[in-house]
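Okay, so chain A shows up in both of these, paired with chain B first and chain C after.
For the complex of A and B:
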């Protein structure tokens, strides 16, 4: 413990190391939080998407904090439902039928129009579907007929797809026409003719007839905003926050395991080669030289395409390919020197076997060199995993940062000005790289006294 | 002097190293024996093959071995015929242990010295670590190292303490024979005296035989039962310690003794003219002949080992 404390005390002398440690600690906290708050199966479910998970999310919505950077306040999503009491529902029993009235009342204080308006219905009936009519009440007292529908068990009325409504609104898309100010104040900067939303309290009245005694109808109004959550959403309405949060433990685990797995095995193999020498050493060196010219990325792509894209398969492959990496040569050079130390001969004299010498006498001498290298290697593997995901070889079920970038790339996020979509995962990747590199360089200076005066 | 019940009998041991200039004849036909509870001191100049002899006995060979032959009988069995793995398991530290030259550097810098002393026991007698540590603790007490040093690292210890730790390490498994390769060469006189007193006490208490390799004749007289003089890879004289120190026979031994300063008496220390021969390019005949003050015609031929005045000596003067 004291040695560890000493290392930390030394680290504290480098401001960059402190910044790096804070970043790493932050990432670890996020990772732990992600795993605890969103269990693995839940994360998979949320990321798979599908109607029941993401139907209340807007499409390609910016994160909420995008409002900080724009003069106009962008609308958030408004969800009201007759089921949970956020909408008024009254039922009047008539002979042979029920009259159901659902009133959605909401405030609209935003400077831009919503993205989409949908009313989801759930109806209960045995033979005859209920019939509902919808009317839109604006803050300035206008009443606009929206349309009517006979909802099935589960149905949706999409305002923008209802051609009659669009025709009735003079060809304007409903989410603009229904919220537009009919006589807009004189626009500044000469933007004449551009619709401006009218702020105030809106109402949607759904009045329906249920033709059976046991029957009922419920409705949920979703006015999709242009911003959503801390991460925004993607083209499949999935909350990016899920991927950003869960990408953290995945990236850290992948990076740490790959770095640890490859360096430790590399070190042991180098020690074995040096200790036994002769044919063993020659074999290891030749394998290394052959492995060094094998192209890693094409092999990974090949395996990903033909065999499996599971992150664990890729992780194993990455470790396997980097075991006989160039660091074997570096380690070998050091081991050759250590091997000649008198204490190694002394160990042999007292009868220490080959493995004892390798594991107790050779390997521990390298550990001080290994630690900084290991820390610096972590982001390399994190980036590798992200690169594979960008190339479309990410794990098919796990949400990762690389897959977010991959989606953004395939959906033309930058052309469509969805900058958040690329910037969020990229920022996290860079932060990870920065944190580990800063700590790694400081550790290198601590463990490698020759660098200390630089 | 030939004993049937010698602990160790070395017969015609040869160890040559291969170099680009030719074969280094570091150990060239060495024969001697060692009884139970006996200490033999092997003296000689630097580079005469003393350390190579120790390594040849313990089979600690470098990679560039050119020739390695002869017999080493330990308790009557020829350990030279054992395989490497058998030798490691049955001989090293079980029967023979070594306090290596530069013992100060022969401790693993990343292990605590207590663990290091416990290691041979864990290797050889499959003892659990805590038991081995208890044993290490008693060994520390025996060699005079404070027991709380068990948890220190080698670099935290002084030279004398490190030397004691190395000795403790050689003793943990209580072998029959301990080879001490210049155990005091890097230490000051006072510490040297302490270490030698310690070795004398251990020899009595544990009934261990010693081979003490040194170039320091004065201090070696403290411990020696017998003395073997080594010159250019060969043993040139073996004798009882008392007789050796009072009356050395071989001209080299005489010169060696004369080079030791005396506390009483006006005798100026002498020196041996010339250089010790290169072990690659040895002179024909007697190897000491080029530097010998009493050389004569016959010295061009290799002298036999003869017995004279109850010494064994390899010199034509006594043949």
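For the complex of A and C:
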């Protein structure tokens, strides 16, 4: 334990190492939080569940904190439903029919227009569909007829797609026309004629006629905002926070396992080569040279395309391909010195076998060198996984940071100025990279005193 | 530039005064031959492994069978002697001839034997036709598609690495002189940024210079439509090169400078450097003759490892920047499941990596006077 304490005391002398440790600790906390707060199956459902799961989310919405950077406050999503009591619903029973009125009342204090307005209906009927009419009431008392629909079991009325509504609003898109101030205050240095939203309390009245006594109709109004959650959403309305949170344990697990697997095997192979020497050593050296120039990424891509994109198969292959990595040469140089140490001779004298010497006497000596190597390697593998995902070869099930970047890239996020979409996963990748490398560099100096002064 | 040409000339001078020039030539030639053979074997092994992996599920065999049938269909379709046949008869004929052809090509032989047959084809890039992709000239031959994509990749990679090398040598040397200065400590602090690959910085560069500032293009190699005159073409090319080259350089430069500066510092604490200082030699002379020259072999070895890592990064960098090179071709081939092209790109990358290492080995031989084949010439 004292040795570990000494390492930590030494680390504390490097400010960059402290920053790195804080970053790693933060990432670990996020990883644990992600796994606990969103169980695996829930994460998969949220990420791959399809329209039902995400229908209340806006498309390509910025994160909520984007409001901090803009003078105008961008609207959030407003969801009201007659099912959960957030909208008033009154039913009047008529002979052989029912008159249902649903009133959605909401406050709109934002400086920009919503993205989209949709009313989702669920109707119960045996033969004849109910019929509903919708009217829009603005804060300044205007009433605008929206349209009518005979909803099926599950139906949606999309304001922007209703051509009659658009025509009635003079060709303006409904989410702008319905919220615009009909007589805007004089523009402060801005352009004239640009619509400005009218703040205040809006109402949508849905009055429906149900033609059966058993029948019923319910409605849910979704006024999609331009910001959503801490992570924003992507082109398929998915909350990016799910991928960002779940990407953390995936990236850390992949990076750590790959780094551990490859360094430990490399070290053992180097020790075997040095101990047995001769043909064994020569073979290992030649394999290393071949392995060094193998095109690792294209091979991984080939496997990903032709066989399996599972992250665990790729992990195994990555470890396999890096066993004979370039660090074998570094390890070998040190083992060659260690091999001549008197204590090895002593071990042989008391009758230790080859494998005992390798595993109990040679390998432990090099652990100090291994630790910084391992820590420095973690980001390499994290980025390798991200690279594969960016190429579209990410794990088919798990949400990862690289897959978010891949989606963003294929949807032209930078071109369309959805910067948050790229910056969030990129920032997390960068943090992971910096955290581990900073600690690794500091460890390297501590364990290799030769470098300490440089 | 000065730093590297000088020691090269000195090697020659030393050769004239010390041993004979012929002797040096023989040594370097012998070294080159040994390296060439070793490299060729390495590439063959690499390509063979690629084939083994690709053909594990019979993918390559499928390509070859399809190729045979396609060839036969064309031959029979064009041959007037078979015109009277109905399509069913014709298909049957193709099938029969295909089986004969498969036996002739040895597709009925055991798996291991077959892979060796395919090895020669792969080594000569004789990979048949692409399933979906075509070259710009409209050919479906994998070899033509690959060769067409090679120059842009080489252009991008060579430019970036030239910059990287000379910038790093120059800065590392000047930092080792100003050891402990603010700039020196800044580079040390920035070294961890090299954990991220080039494409990663590429995204940020596109964000800043293309999307926010709008001064440089988002991607591609030349503007659309490509300028007809050579000069505007070159200028457009240059403009499109800036961001990807910068991305590659940023992703490696700080760590490289940091590592090389450490090498320089180690070598500048040698006794003969102190001796040179005591003799009163100028500091630039000391730097070039007594520090740079003995460090260069170590630097070349370190650069080889950096280059190998950068090749991997270049694949995705090209995708991010829409650079019409091999990396982007691979990306498109993945999207279309175009197996012959994927195998072909893997093979060509094996070549490129091998040749990169080979070239650096030759430079190493020219720089390091200790090169003696077979007796610990190389230090890592």
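Things to note:
Assume the second predicted complex is superposed on the first by the 452 of 454 C-alpha atoms of A that agree within 3 Å, B and C clash if a C-alpha of one lies under 4 Å from a C-alpha of the other, contacts with A are read in each partner's own complex, and residues count from 1 in each chain.
Throughout what follows, contacts are C-beta pairs under 8 Å (C-beta built on N, C-alpha and C of every residue); 3 or more make two chains touch, one makes a residue touch a chain.
None of these values were measured; they are calculated from a predicted model.
Once the two complexes are laid over each other on the shared chain, residue contacts for A:127 go to neither chain B nor chain C.
Touch criterion met: A:361 reaches chain B, while chain C stays clear of it. Set side by side, chain B and chain C differ in how many residues of chain A they touch, and the one touching more is C. Within the superposed three-chain model, A:279 lies out of touch with both chain B and chain C [touch as defined at top].
Contact with chain B, but none with chain C, is seen for A:342 once the two complexes are overlaid on the shared chain.
Shared-chain residue A:36: touches no atom of chain B or chain C.
By the touch criterion stated above, A:379 is placed in contact with chain C alone, chain B being left untouched.
Once the two complexes are laid over each other on the shared chain, residue contacts for A:352 go to chain B alone; chain C is not touched.
Look at A:293: by the touch rule set out above, it reaches chain C but stays clear of chain B. Comparing which residues of chain A touch chain B with which touch chain C, the overlap is empty. Interface residues of chain A facing chain B in the complex, by the touch rule stated above, are 277, 341-343, 345-353, 356, 360-361, 364-365, 367.
Across the complex, chain A is touched by residues 58, 60, 63, 88-89, 92-94, 97-98, 100-103, 105-111, 119-120, 123-124, 166, 169-170 of chain B.
Considering their complex, residues 16, 20, 289-290, 292-299, 301-307, 326, 329-330, 333, 376, 379-380, 383, 386-387, 390-393, 405, 409, 414-415, 417, 419, 422-423, 426, 429-430, 433-434, 436-438, 441, 451, 454 of chain A touch chain C.
The residues of chain C lying in touch with chain A in their complex are 38, 41-43, 45-46, 49-50, 53-54, 56-57, 59, 189, 191-197, 199-200, 203-204, 206-207, 210-211, 218, 262, 265-266, 305, 308, 311-313, 315-316, 319-320, 330-331, 334-335, 337, 339, 342-343, 345-346, 349-350, 352-354, 356-357, 380.
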